[in-house]
Amino acid sequence: MTDPDATPVNAGWRERAHEVIFEADTPAGKAFDVVLLLLILGSILAVMLESVPEIGANATWRLWLRVAEWTFTGLFAFEYVLRLACVRRPWRYVLSFYGVVDLLAILPAPISLLFPGSQSFAVIRAIRLLRTFRVFKLAHFLSEATQLRRALVAGWPKIAVFLMTVLVMIVIVGSAMYVIEGEEAGFTSIPTSVYWAVVTITTVGYGDIAPQTPLGKAIASLMMIAGYALIVVPTGVLSAELARGVRKTPVNTQACPSCGAEGHASDAKFCHACGDKL
Amino acid sequence: MTDPDATPVNAGWRERAHEVIFEADTPAGKAFDVVLLLLILGSILAVMLESVPEIGANATWRLWLRVAEWTFTGLFAFEYVLRLACVRRPWRYVLSFYGVVDLLAILPAPISLLFPGSQSFAVIRAIRLLRTFRVFKLAHFLSEATQLRRALVAGWPKIAVFLMTVLVMIVIVGSAMYVIEGEEAGFTSIPTSVYWAVVTITTVGYGDIAPQTPLGKAIASLMMIAGYALIVVPTGVLSAELARGVRKTPVNTQACPSCGAEGHASDAKFCHACGDKL
Amino acid sequence: MTDPDATPVNAGWRERAHEVIFEADTPAGKAFDVVLLLLILGSILAVMLESVPEIGANATWRLWLRVAEWTFTGLFAFEYVLRLACVRRPWRYVLSFYGVVDLLAILPAPISLLFPGSQSFAVIRAIRLLRTFRVFKLAHFLSEATQLRRALVAGWPKIAVFLMTVLVMIVIVGSAMYVIEGEEAGFTSIPTSVYWAVVTITTVGYGDIAPQTPLGKAIASLMMIAGYALIVVPTGVLSAELARGVRKTPVNTQACPSCGAEGHASDAKFCHACGDKL
Amino acid sequence: MTDPDATPVNAGWRERAHEVIFEADTPAGKAFDVVLLLLILGSILAVMLESVPEIGANATWRLWLRVAEWTFTGLFAFEYVLRLACVRRPWRYVLSFYGVVDLLAILPAPISLLFPGSQSFAVIRAIRLLRTFRVFKLAHFLSEATQLRRALVAGWPKIAVFLMTVLVMIVIVGSAMYVIEGEEAGFTSIPTSVYWAVVTITTVGYGDIAPQTPLGKAIASLMMIAGYALIVVPTGVLSAELARGVRKTPVNTQACPSCGAEGHASDAKFCHACGDKL
């Protein structure tokens, strides 16, 4: 849709700004989102670099990074004010998920003046990256996410049974290992043992805590095999649900004009329930 | 079902108590299950906290946690007696899976008077959490679990072939590594080497035992790739079985009144076997 | 099938022995297989226990385990001779997969007289466990394995593309890490670096070798994400192939007597190609 | 196709060389590809062996490996010249993917004369292994890869949603752990913490960096469970897409000669849209 069509000349700067800032259909809107994406990535990079000891200790680097951080903060603050100005119901935006995230993206720099070290929270800007999904054909992505969410909702009870079983197993095996292994093997408390159980059943396996006794090793072995095999359950559930979703897609959404029957094949010409022409 | 309907006024307190304690359909039954769920979570938290050295060594904390533990035990004992009183065949309940778990939930506190340290077994109460599935639409969950169980039973032979192969591989590779690596690399006995093989094939990889010789590393590499790739088999099997189960669901359970044929499409109006109206 | 029916009285002991030893349909054959299964498990346990330093160093235990080992060897040798005696073409059995495994199950004990320490090879008896699949409804298992093999063969080209890509990636990244990280981080040679790449891409992650430089960590991160994500490919391929196999199962194997068309629905009464009665 | 048929006697050596070098249909072309495959594997093995300290330090071994390396380089250079000579548009080949890889396969040896140590780059020859897919029924493999690519493209938006979520989670949790854990636990900078987050969410778990504080362990546990569970999403997506691809395969590609309808069952004899004979 070209600009003049969508927003007539007398539409006011608010409508035009809204289209550029909140939509990604016009070239200007797309450019805005790409620039925003680059600014977010740049600001995350700056925060990351500043945390590296070799760079953070160097006075020149430190100065440049501070300048960059305040520039990014200024730009994000300007963007936030613009969004507030061109949106119809500002409070609704302020209290929305992205409104809160956009505000959190500005706060770290001023707060770090009061509490040194808190600038690391600036990486919360990474959440804003999710906003830039719009640049890559938003509508398409949203329908995909919807399909995924529907499959997850449909498969949720089976996945909940799976998660519940895993959690009960983690608590019981973790506590058993605390009794069996004791402190010398690193199982210093039940919470620590439960942490070990999570590390083991998810097959992460740091090795900072590891069983030493034969009985502990035997139980740990059973738990590893369980963790290795159990992931099969949610995978199978989601595959089956998504396959069902995929199967439904090509089905005709047309209803028979004579009898109202639905679920016709996508290329059906005659109703399979009453035989009348569709 | 409202209370008066289900249990007439002269039904006696046993029937009413049974409905509250064993069912989750009435508001009272639901409230009972939610309170029970919170009590179980609270008692598990108390046991966990007591095991943390910083908290267990503190006299004030210790006292409060002991009080909490005995309160939870008293409540669970009262619940156990109530269940015994309102159930028709008490012995059947006592010997059932949940009867045993409910008894085990009471024992740790009194036993810890005789054997200090045994209170850690109180985490076995976590198994009772499975009971509270009822609160979240039990019937629905049970049908899901049934569907899952059917898929697992249908896919079991293929999964057994997979597990058997993995176990034989673990024993043989574990023993071979004992011969190849020897004690200096941590492979001190065949059971230890088999434990290493389990840690490796499940991709946990603690690193407390790791091959040192070139041949050992080569065999370990092959085993890792096998473990990484083999999980594909049960996943595929369960996905296919669950997809079959999903596919069956929308099928009509109606049988043709003329010829008795089954398996009609969910919206079929005419029998596909004899052509008569359904 | 009862014994007298299958093998008439004058059938000779060979036929009867063959039925007991090689089949699992008669009660005697089943009992034989169960006893064999227990003997194999017992002999593996004996070899494992002997390798544990605390047990192997104890003279009494050692004596008993030696006696057990020679008893098992004697029984397996007797079984091997029996199999040789009652089979029609002994050489064919000797040279078959199971013939070789059965012989290897006897050799470790006599060989350990010449080369002390070689008794660990007795765990090769674990392969014999695969033989006892027969006890648990052999025919059923074999058909399942066939179905699995068909799915693997059908999906093999896709899985080969996947494995080839992973192997090329392992070799190239492994070598690159040798150049980047060098010896001080444990990457002492290209084969060692390739071993590290296998440990990383399969998500085992021992941690005995880990990158130290920023560039090495960045490359390792990319490789971990690749390994974490790539397993999706063979899983999806096998799921799809098995789902196809499952879908085929309920299809009618009947061909139309009039026109010879196949692929009718499992409950079809009329041919869908020519309309004649099936 | 026999040689004389494909390339008439007066076709010139170029055409014949092209068929041998670039195709794998004739016996000579197949033999050429197998020899090339062995040469590539041999040259990779030589580079690997040379990097092993025990072998690289031995003067005799070193000499032989240098000779082998230069022989392989000579053969690959000769092959490169041959390809250049017999291809119609040499520049197109030089700038193609395989043209660049073929050139990179020759360069390491001469470059190592100028910069000692750079011969490790010779393992880039591993990419050439992908070329030898041709030997194993190229056409078949390519169609499989196409099918896989189509499924990946179809499932890409869902997989992108998944990857984006994982990446945002890695950046935010990594930074949070830097603030929570600090330097003494190994979280020396945000990039290092992000590296730890990748190691953890992919379930690799080296253990060189591991959380020490209770809060850090709790967050790490949540992240492990997320990483363990999230892989379910792309697996399910690809399974469903591949299953759809598989389902499409048996469908008839014939269009009805009367009405042009498509999507008939593979054994259909009559059009399901107009009823005319196909």
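Each chain carries a letter (A, B, C and D) given by its place in the written order, and its residues are counted from 1.
Here is the rule we go by: a residue touches a chain if its C-beta (ideal position, glycine included) is under 8 Å from a C-beta of that chain, and two chains touch if they have at least 3 such contacts.
Quick caveat, the model's predicted, so the values are computed rather than measured.
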Note to self: chain A rotates onto chain B (CA fit) by an angle, in degrees and to the nearest 5, of 90
Comparing which residue numbers chain A and chain D contribute to their contact, where sharing over half means same and under half means different, the two sides are different
Between chain C and chain D, the Cα-mean centres are separated in Å by 29
Dist(centroid_CA(chain B), centroid_CA(chain D)) in Å evaluates to 41
Among all residues of chain A, those touching at least two other chains are 191, 194, 203-207, 227, 231, 235-236, 239, 241, 243
Contact graph of the chains (line, ring, star, complete, other): complete
The chain A residues in contact with chain B across the complex are 157-158, 160-161, 164-165, 167-168, 171-172, 174-175, 178-179, 188-191, 194, 200, 203-207, 210, 214, 217-218, 220-221, 224-225, 227-229, 231-233, 235-237, 239-241, 243-244, 261-263, 272-274
Within the complex, chain B is touched by chain C residues 44, 47-48, 51-53, 117, 120-121, 123-124, 126-127, 129-130, 133, 136, 140-141, 144-145, 147-148, 151, 163, 191-192, 194-195, 198-199, 201-208, 227, 231, 234-235, 238-239, 241-243, 245-247, 265-269
Per the touch rule above, chain A residues touching chain C in the complex are 203-207, 235-236, 239, 243
